[in-house]
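Take a look at this one; I'll ask things after.
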């Protein structure tokens, strides 16, 4: 028993497995890109890449955020309807109440933090199952969004009109070439949140809670606070996603948004976040999101009728998770 | 207070269920007082229309949640069942009775698919739901060529199936729904299937090590859910005629809410069919009442969310105190 | 016991605070309907209502229920504004409701049943689905509540239940778009050596109004092209291909009409479908058959920059409905033009007709129109009032 | 022994319906190892939890370093120098060793956590304790023993003045216990006050200076370890003498038939080429160190885990067992070492748990015959003397020993001929232990065959007719009870196989 060699090799295999999962998913992304490019010449255009990026920001941002509750062993289902709620609120204040754009955006972010806080309190202090608590806030944000905006669809200032500067956060045109600034932001945020997850107390305790909540409590850590923080992060990123969504799609309609969270969570899980908590990486979540986004945007390019796209997306989802399950099963024996 | 709690009936149903009943009655009184023309049969019938299909969905998902799993493909699968069978009826001339069977069959197939992946391949239920939700929508659109399907009107020759909901003003659907609820309750509490489903929701490994084929029983829960979702589809079209491909998600949350409000634990092992029925009635009454108060549906969602939170929190507190 | 009291208190206070959150807003649904009326009344002043005849119906103490298809797009907001304006003018009470999305058919049926139970003097209905409401219409008739359909008719309604229909002929409106778009493309088509492509994005293939517009556009293009001796083929979504006047043969066609319908009615999928078509080198024209689809085309163009008003260098896009995004695009030359209906007038007419029925006057169907507008005529008195935000 | 560092006086603690601590007093001196003993439920852990701030006391005083204190949470206690090494391992499997040790008080560099420094500090700590563990190792990759060492290292790293060991040896192998004792002696030399909670009498004699005994939430007395005998301590704990000596000879008839034969069983790293026979009416002890592969062997036989190769014969007939279902059909029952996770369904009643393995027999038509179910479970509640208010009680509310009896009843209802008891008395107090032993003997007498996996040498020697010893996944020896001795078994259990 005095030999360290046995656990050491095990350790390496675990690391390689985590990296491996990410690596496989990355390969899937590359494979999908190659496949779509081969089949459809239009897919190869720069503008297509721009579109895919544009449509991926909000899902990517949500996925970054939701990685945290997922790692605690929870989930946040409220981010999808939340996104619409925040965007509606911000847009309503800007368009109907004449607030400056920055103030509307700030308000959207504030609201997202409040909803995140509510989720955190429900889960951490009131001990409700995360699935359920966030299901309720999902319904609540859906309702609130409609009510805050008087049930009106809201169009954020379009490009060319005053107040459209916020669109430049995500995309600027230099000499006629469009630069996907938003993607840089997403990468930057991934780096920041990966740092937070791996090198700060918030991240460390997020993993600790997902790993063994009781033990974390007994280590004298203010678990309630850090547990809440995971949901606040998730909420805040839903708020950021709301701004990205508004900047890309302009018009936000009440009653929508349900389903966004599944894309984000699905992306995170494909990217290697364990549904039972403790394991996951922000970078992996991002890669996972691109699998979903590529399927969504790529399938129309190969001339597939829309209804088949959904079936294929469903099958790919199961396939991605099954590969992981099979691999774990093999390793176990 | 303590005395009430130890009354055998109360103990059997659970104190919180009794409170929930009270909430239901209070809500009715409230809406009658403040709503427009709320008293009377038409409102109740309208609320029941909503309660039927939602109720069957809730009953179904109760079994899945009892195993500690989750299924939020139920709404889209319900639509898929209604669309596929309805398309057979309207476009291929399949008789109504057979179409109804097809509807249940489609639901069952999805139940088998979900159950097999969860139980035998250990795919997390969350992922399975997500996938089968997409697949259900896709299959429905492919099958119907992306067309909505309207089932025959009550006045037409083929409209007899609407009698399942009501004959004249008599709510036949209520009777059928309650009969199914009783059957579900018996399955859950009096049969081997129910015993194993609840037990494996509480401690799957212990049940497996007792020599029980847990995979089979876990899958069965999803299949039962599928069957009930198929039935829900029938009641949906009998009340609302038209279904469109690509929708149905919004009913997931309400069905799960109704089930959980009634005391079924999300972590598995505890389920109450009676609670589910009350929960569904609360949601249905709420949606009718909110309209009668001239509020938008948004308020219904918010209030449902709050009721679920309070109900579950009460259960959490009660359980903590007991331990 | 202390703990129990405490927890109960907590529950109650939680519920109370959350409820208070809603309670505080409890006056909004009522005002939600009236607020836009007062705020947005300015752009659409009294000189609006081009489609209504001016006969004044004096309102009594009537109560009407108005049910719209959804609240999502500004189209419906304009309709509600019209309803409220007219109601105020005539001194009748209206209560506007509607589901969150046009796809929430069941919700709308519930709302209709609810409206009937409220026993109003009349109901104005923009039905999401033509079949789902029939039972309820029967009930309304049995109870003697008159129903007026607006925006979309219900052809199979029980005899006598619907007193009047105030609707745009969507098929004709779709054709209007084709009539205006085709001449601009004509030269390019004539000079083209290879087949050219005209794209059409429809948000869905199930709503009657959207499919009619889509088909109207396709059939008109086919008709116009044939007159010029060009062959047309329709490809893409099965429903449209099978229901247009002539699907043609893709191999031999001079003009290919490609019809796209996204997997779900979400904005980003509309945009994706649009960008697929816009990306094709042979595309010369686009049509988005409702606000979401038209905005999807514009969103897709954000990255492609292929839309414009000059057929020689860019793709010409036609939209449907108004709203600030589409209006902005037309002003800035991104979009060639669009068809707008007159939801404001439609809303007003609906209340007027309902009042007339309540007064015992006889009424008849009022057809409304789709108006083509582009950067040249947006300010015209006949068009401007219909361009809601 | 130095001056008194910690005094707990007249501590009172109520839980709903229970007077958990009834005016308990306790003291620790610098440089002493003070054993705290008592049966399960005697209040030892509760007392320590009051000390470290996990529970709030209802009355009484705690004087620490001459001042009255009250810690409100473990963190306060830790920073004052009072730390506890918990009975259950409180590790965070997904984090590294160093991250675990410094959880809650990470070194920081700006806002970032300084993992490098943590690794260095952890390394220093391990060097000080002469433990060989890589600080960057992921916790879940360590053996239970190493994990325990990490826990101790973590406790010590708090600059502790008082360390509470709550049953530290429960999961350790003999060699690891030796290591642990070395560390404890070291700490004692450094003038720390050490509280040592354990059930194992032998250890108490070896390592402690004083013994305080508790019973039913009350203080019974304090003895100087050197001046008392095991019997004295046990007497104080239970009020009666129940120490039994090893079994002298096998109770199995020479010609008893072989009911279970396992040949060349392979299942992963932990089960390599295991072969043995089990006779009718025999109690076959499986001994070995923690991690020797005994539980894995049992689980493989039972079909709970997949096996790679090997044959199983029951009553001479070859059988295929791919799942617990198959095993149960073959008449094998398995009582897991971890009752809560693998044995009972806590949210079900005693009756429902009793028939869990046999439910198909209690079905009338479509429905469960609840009357028959009640009858049979009542029968076994009576015959096993299970202490439960009623058979409708949820098992979660029963004590460990009684839960174990419910699990036994489950297999007896099934009428299994072969029973595998995996650590049957873990976490069960002395009185209940004896009852389980009696029951096992009776079952063997009735012709049932039993495989008993145990890490307690005394238990093995007391119960077994024959002993199989395993080490690192391989069977390293087999010995009849007549020849068996602690030394002989230990030899085999540590035998290196190349």
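Lettered A, B, C and D in written order, each chain numbered from 1.
Methods note: a residue touches a chain if its C-beta (ideal position, glycine included) is under 8 Å from a C-beta of that chain, and two chains touch if they have at least 3 such contacts.
Remember, it's a predicted structure, so these values are computed and weren't measured experimentally.
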| item | value |
| --- | --- |
| For chain A and chain B, chains touching each | C, D |
| Most widely separated chain from chain A, with each centre as the mean of CA atoms | D |
| Centre distance in Å when chain B and chain C are each reduced to the mean of their C-alpha atoms | 34 |
| Gap in Å, rounded to a whole number, between the CA centres of chain D and chain C | 71 |
| Whole-Å separation of chain centres (CA-atom averages), chain B against chain D | 44 |
| Chain C residues counted as touching two or more neighbouring chains | 18, 22, 32, 99-100, 104, 237-238, 261, 263-264 |
| Two or more partner chains touched - positions in chain D | none |
| Chain B residues counted as touching two or more neighbouring chains | 137-138, 141, 146, 245, 250, 296-299, 302, 306, 309, 313, 321 |
| Touch relationships between chains, expressed as pairs | A-B, A-C, A-D, B-C, B-D |
| List of chain A residues in touch with chain D within their complex | 1-2, 4, 7-8, 10-11, 14, 195, 199-201, 204-205, 207-208, 210-212, 214-216, 218-221, 278-279, 333 |
| Touching residues (chain side chain C, partner chain B) in the complex | 3-4, 7, 11, 14-15, 18-19, 22, 26, 29-30, 32, 95, 97, 99-100, 103-107, 109-111, 113-114, 116-119, 129-132, 134-135, 138, 204-206, 237-239, 242, 261, 263-265 |
| Of all residues in chain A, those that touch chain B in their complex | 75, 122, 126-129, 131-133, 135-140, 142-147, 151, 254, 258-259, 262, 265-266, 269, 275, 305-315, 317-318, 321-322, 325 |
| Partner chain B, residues of chain D touching it in the complex | 16, 302, 304, 323-325, 327-329, 334, 336, 341-348, 352, 356-357, 359-360, 363, 366-368, 370, 396, 410, 414 |
| Partner chain A, residues of chain D touching it in the complex | 54, 73-75, 78, 86, 89-95, 99, 103-104, 106, 108, 111-113, 115, 132-134, 137-138, 141-143, 145-146, 173, 175-176, 268, 289, 291, 306, 308 |
